[in-house]
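Next come two complexes, and both contain chain A; in the first it sits with chain B, in the second with chain C.
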Partner chain A sequence: MMVDALLAAAILAVALATVAARGTFTATALFIGYGLLLAFAWVRLGAMDVALTEAAIGAGLSGALLLGAAARMRPHRVALDRAPGRAMTAAIGLGCAGVTAALAAAILLLPDPALSLAPQVAAQIGTTGLGNPVAAVLMSFRAVDTLLESAVLVLAVIAAWSLAPKGGWGGPPGLVQPQAQGGPLALLARLLPPVGILVAVHILWIGKDAPGGKFQAAAILAAMWMLAWMAGRTAAPPVSARWLRLVVAAGPALFIAIGLLGWLAEGAFLAYPPGLALPIIMVVEIVLTASIAVALALLVIGPPGRRA
Partner chain B sequence: MSAILYGLLGAALTGIGLFGLLVRTEPLLRILAFNLLGGGVFLVFGAVARRGAAAGFAADPVPQAIILTGIVVAFAATTLAVALAVRIAEEPGDAPGAAPGADQPPDAP
Partner chain C sequence: MTAWGALPMLAVMLPVVGMVLALPLGARGAERLTLALLPVGIVLAIGTAAAVQAAGAPVVHLLGHWAPPLGLALRADGLAAAMLVTAALVVAAVALFARADFGTAAGATETRAAFAFWPLLLALWGAINLAVVATDLFTLYVALELLTFAAMPMVCLSGTRATLEAALRYLMFALLGSVLYLLGIAFIYAGYGTLDVVLLAGRARADLPTHVAVALMTAGLLAKTALLPLHLWLPPAHAGAPPAASAILSALVVKGSFVILVRLWFGVMPGLAAPMAAQVLGGLGAAAILLGSVAALRQERLKLLVAYSTVAQIGYLFLMVPLLVAAPGDEAYAARAWTGGVLQAVSHAFAKAAMFLAAGLIAARIGQDRIAGLAGAARLLPVPVLAFGLAGLSLMGVPPSGGFAAKWLLLTSAIEAGQWGWALVILAGGLLTGGYVYRVMAAALTGDGTQPALRRPDKRETIVLALAVVSVVLGLLPLAAFGLVQVGRLDLAP
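== the complex of A and B ==
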């Protein structure tokens, strides 16, 4: 309880500091700390899968994305809205306090005993062959959500690429990274990727029985690719590359195809034939990992820039 | 009970994030505040998941899976918002109130 109180206080302090921070670099650094502390909160809440995702995506990839954006936007003057005046700020603060109070009241008034779908999951998890209940929900009981989410990533890549400036289309995404000569970046870009790829494969495979799975594994793989890219050891492929587009779309496409086959064979979209659920789920997981990893990395790297 | 504590923390973070979103004017700070808000909402849902611990699971797995999905979708939305902000900032002279050149001081007329 003491640990929880201290952790909650720390998260609250970092959140307040993020909102109050002057510069975007300071705010982003604080936000990365916020994401990591939040991952601890998820551990305390018994949600290990969420903790891993929060640390990898909420803190890691978001942090890299926002630090990069802060650096790119610094030399430019952005058209700013007028900051609200003192009275308006007070009114906004009052309104936000009201939102917090309403949410807090909702938390305190939750029904007792708590509603839960855990018994249903426990009763049906045997049909999936999986041991990790969260993976069973993601890949079987609510597989449509996961399918739509993987499609959202493809749409996000298309939307981000469509922001390419005039003359940038078809070129490599993001800014061209100079090759790092010496220093920690060059060293880590050589040392970490083999280890990271191994860890990612482990997390993907263990995800069927323990916390882990495709999102966490994909985030690690994306980070390894970005590390090599940032150090200038590998050039990002041009957005016109057909294989790149195929990899990004393969996971959701396979998932949809499996869903349609389930419709033909079992009479329901995404229904798995009994006994074959586990192999089907693992194949979809592995292909989705590749697609999600490439999509996440492309989203952090950003749209193609102007060609020099 | 720790679930209630984290639920209340989520409520507070939602308020703080919403405040930052409405009060700050820099695009990146707004995007950051929006993510703070998102973290708060997820935490509220996480408290609900924790209260639903049953059948030998430390927390109800269904909300957990939805939160996981939510984190990834929020990240996709964040990348898109950041790409838009960068594109607007780098657009030469088009953004209203933007200085035409990158090398001019911010207060140039």
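== the complex of A and C ==
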């Protein structure tokens, strides 16, 4: 109890500090800390899958993305809107307080214990061959949501690239990174990737029976690629590279193809033939991991920059 | 699972698979793929409508054979079928129109705008289709995500500073909407253990958590639908985008979140009569009609006028809410108000797509889009000006247009329900709409005192005229044809 109370207090304090921070770098650093604390909270709630995802994507990749954005904004003056007047501030405060009170009251009035589909998942999980109920929900019961979210990632890459400034199209994405000579970055860029890749493969594979899976594994793989890129050890391929685009599209395309085959063979989109569910799901997971890893890294790297 | 249930599933997956493949295909390949998918999509949409009409009941596809609440279903009812057909036709028209601006000739190098446009168009199409056939509140959230992340880059395709600012402002509103919607979903799941709209319809309770959830989700969806006073993002975004993008954004994108709102109000909680809240929504709609139309009257630029007209026309959609909530258990009455709302969504889609594309052709030909500088436009561009006028008739609600039928149904419902105020708003809105359409037509029809310049026939003019004609012809359909949109209305379902 004591631990939970402290954790909750810390989350609130860091959240407040994030909002109150004036500098973009300070706010981003606090936001990353906030994400890590949230991950702990999920661990305390027994939701290991969510904790892993929160740490990898919520704190890690989003943090890197925000740091990159802050670095890009630094040379430019940021125009600040005029602060609202005193009456407006009071009205906004009252409105927020009202919403908070309504949310708090609603949470206290929810049924306890909370209604859940967990028993139904447990009853049906046998048909999927999976041991991890979260994986069964993501890849079988609600597979179409996962499929569409993976398509959203492709769309996100297209959207990010569409923001390329004039004259930058076709070149490598992101800002060119100088090669790090010595120092911690150069050392980490040599040491971490082999370990990271191993960890990612492990997390992907155990995802079928234990917390883990493609999103977490892909986030680690993306981080390893970005580490090498930030140290200047590898250049990002140009956005016109066919293989790069193929890798991003491969996972969702395969998932949709499997879904349509399920419709033709079994009569329903994303229905898996009995007995074959597990191998099909694992193949989709592996290909999706590659696509998601590249897409996540490309999102952090950003659109192609202006060419000289 | 019903016969032909695969049709709505295919209607959703077709544009999605196109969007995914468009990335490796590149701009030219994506353009050709889009053109190839258009007829297939139209056939799927019309097939779905025919199946719904023939069965007189929604067609349902259970994904992976898993039934809700554990699994997910796609369900096309009459509303969904009407929106699927509308989306397919408008997307097809816009895609054909956009080839001139975003086409890539054989051997030409890919450009940024051409690379982005085709997958974004396909993503919007898939997102709209998903938003109208999904029955799970979280799957609908995924649809909203697809919709937002495809619409935002469409706004700033030209890459200018002003459009980037408009896109960023749109993104802020849309993301705020997403967060509120998602928060509401969490309450619904905690309260009911399911997110399926059809299952929720029978279970909704009038307790505080449910009301908080619906209020949060409604606020989020209003921000995305741009109902006044959350419309501030719309005019700069829709007016700044390229014509093809504006047409899709105004005609379809704001309707996606509206359909989800309708599902929430009349699907999830028909039992929770909330007459006060419904009156508030209707009041905001009325304010949007009046203030949006007045703002349109005062615009100097043609595209901004058309964008403010969208703000006003969205208002009409929300008049349906208090009218339906007031339904005194009278089936014929409820059916009229419902048909009026759906018909408004459909006819506005065609009319507004025609208007934006016509405005685009006019601006491209005379080099600017100030209304004061339109003199002589009718002689140079008779077909786009005619299309603009026809679409304007439908927006005004002049018989026999689709807009007339929609507004007439809403008007008579309002009178029958004794809610005279809405009827007056509808009439005043029609007059104001006539005012701003007249401004444009009067300017375009004045001669500029010079020799007639050479007309340059453009195949795109036919597309624009076709859209405008559809928006008018909708009004000629016998009312019985609208029986389709009644099918599977959740508050009617046993």
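Operating definition for what follows: the second predicted complex is superposed on the first by the 304 of 308 C-alpha atoms of A that agree within 3 Å, B and C clash if a C-alpha of one lies under 4 Å from a C-alpha of the other, contacts with A are read in each partner's own complex, and residues count from 1 in each chain.
The rule we apply is simple: a residue touches a chain if its C-beta (ideal position, glycine included) is under 8 Å from a C-beta of that chain, and two chains touch if they have at least 3 such contacts.
All values reported here derive from a predicted model rather than from experimental measurement.
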{"item": "Per-residue contact with chain A, leading partner among chain C and chain B", "value": "B"}
{"item": "Which superposed partner A:Val134 touches (first chain B, second chain C, both, neither)", "value": "first"}
{"item": "Touched partner set for A:Ser240, first chain B, second chain C, both or neither", "value": "second"}
{"item": "First, second, both or neither for A:Pro75, with chain B first and chain C second", "value": "first"}
{"item": "Which superposed partner A:Ala87 touches (first chain B, second chain C, both, neither)", "value": "neither"}
{"item": "Which superposed partner A:Val121 touches (first chain B, second chain C, both, neither)", "value": "both"}
{"item": "Touched partner set for A:Met2, first chain B, second chain C, both or neither", "value": "neither"}
{"item": "Which superposed partner A:Val152 touches (first chain B, second chain C, both, neither)", "value": "both"}
{"item": "Partner chain(s) touched by A:Gly262 [first = chain B, second = chain C, both, neither]", "value": "second"}
{"item": "Those residues of chain A which chain B touches in one complex and chain C touches in the other", "value": "103, 106-107, 110, 114-117, 121, 141-142, 145, 149, 152, 156, 159, 163, 165"}
{"item": "In the complex with chain B, residue positions of chain A that touch it", "value": "1, 4-5, 8, 11-12, 15-16, 18-19, 21, 24, 27-28, 31, 34-35, 38, 41-42, 44-47, 49-50, 53-54, 57-58, 61-62, 65-66, 69-70, 72-73, 75-84, 89, 92-93, 96-97, 99-101, 103-104, 106-108, 110, 114-119, 121-123, 133-134, 136-138, 141-142, 145-146, 149, 152-153, 156, 159-160, 163, 165, 215, 292, 296, 299-300, 302-303"}
{"item": "Chain C partner contacts - residues on chain A that touch it in the complex", "value": "102-103, 105-107, 109-111, 114-117, 120-121, 124, 140-145, 148-149, 151-152, 154-159, 161-166, 168-170, 240, 242, 245-246, 248-249, 252-253, 256, 259-260, 262-263, 266-272"}
{"item": "Chain A-facing residues of chain C, complex", "value": "1, 6, 9, 13, 16-17, 19-24, 26, 61-66, 69-72, 109-113, 115-116, 119-120, 123, 126, 130, 136, 138-139, 142-143, 145-146, 149-150, 152-153, 156-157, 159, 164, 183, 187, 189-194, 207-209, 212-213, 215"}
{"item": "Partner chain A, residues of chain B touching it in the complex", "value": "2-20, 22-29, 31-33, 35-36, 39, 42-44, 46-62, 64-69, 71-80, 82-91, 95-99, 102-104, 106"}
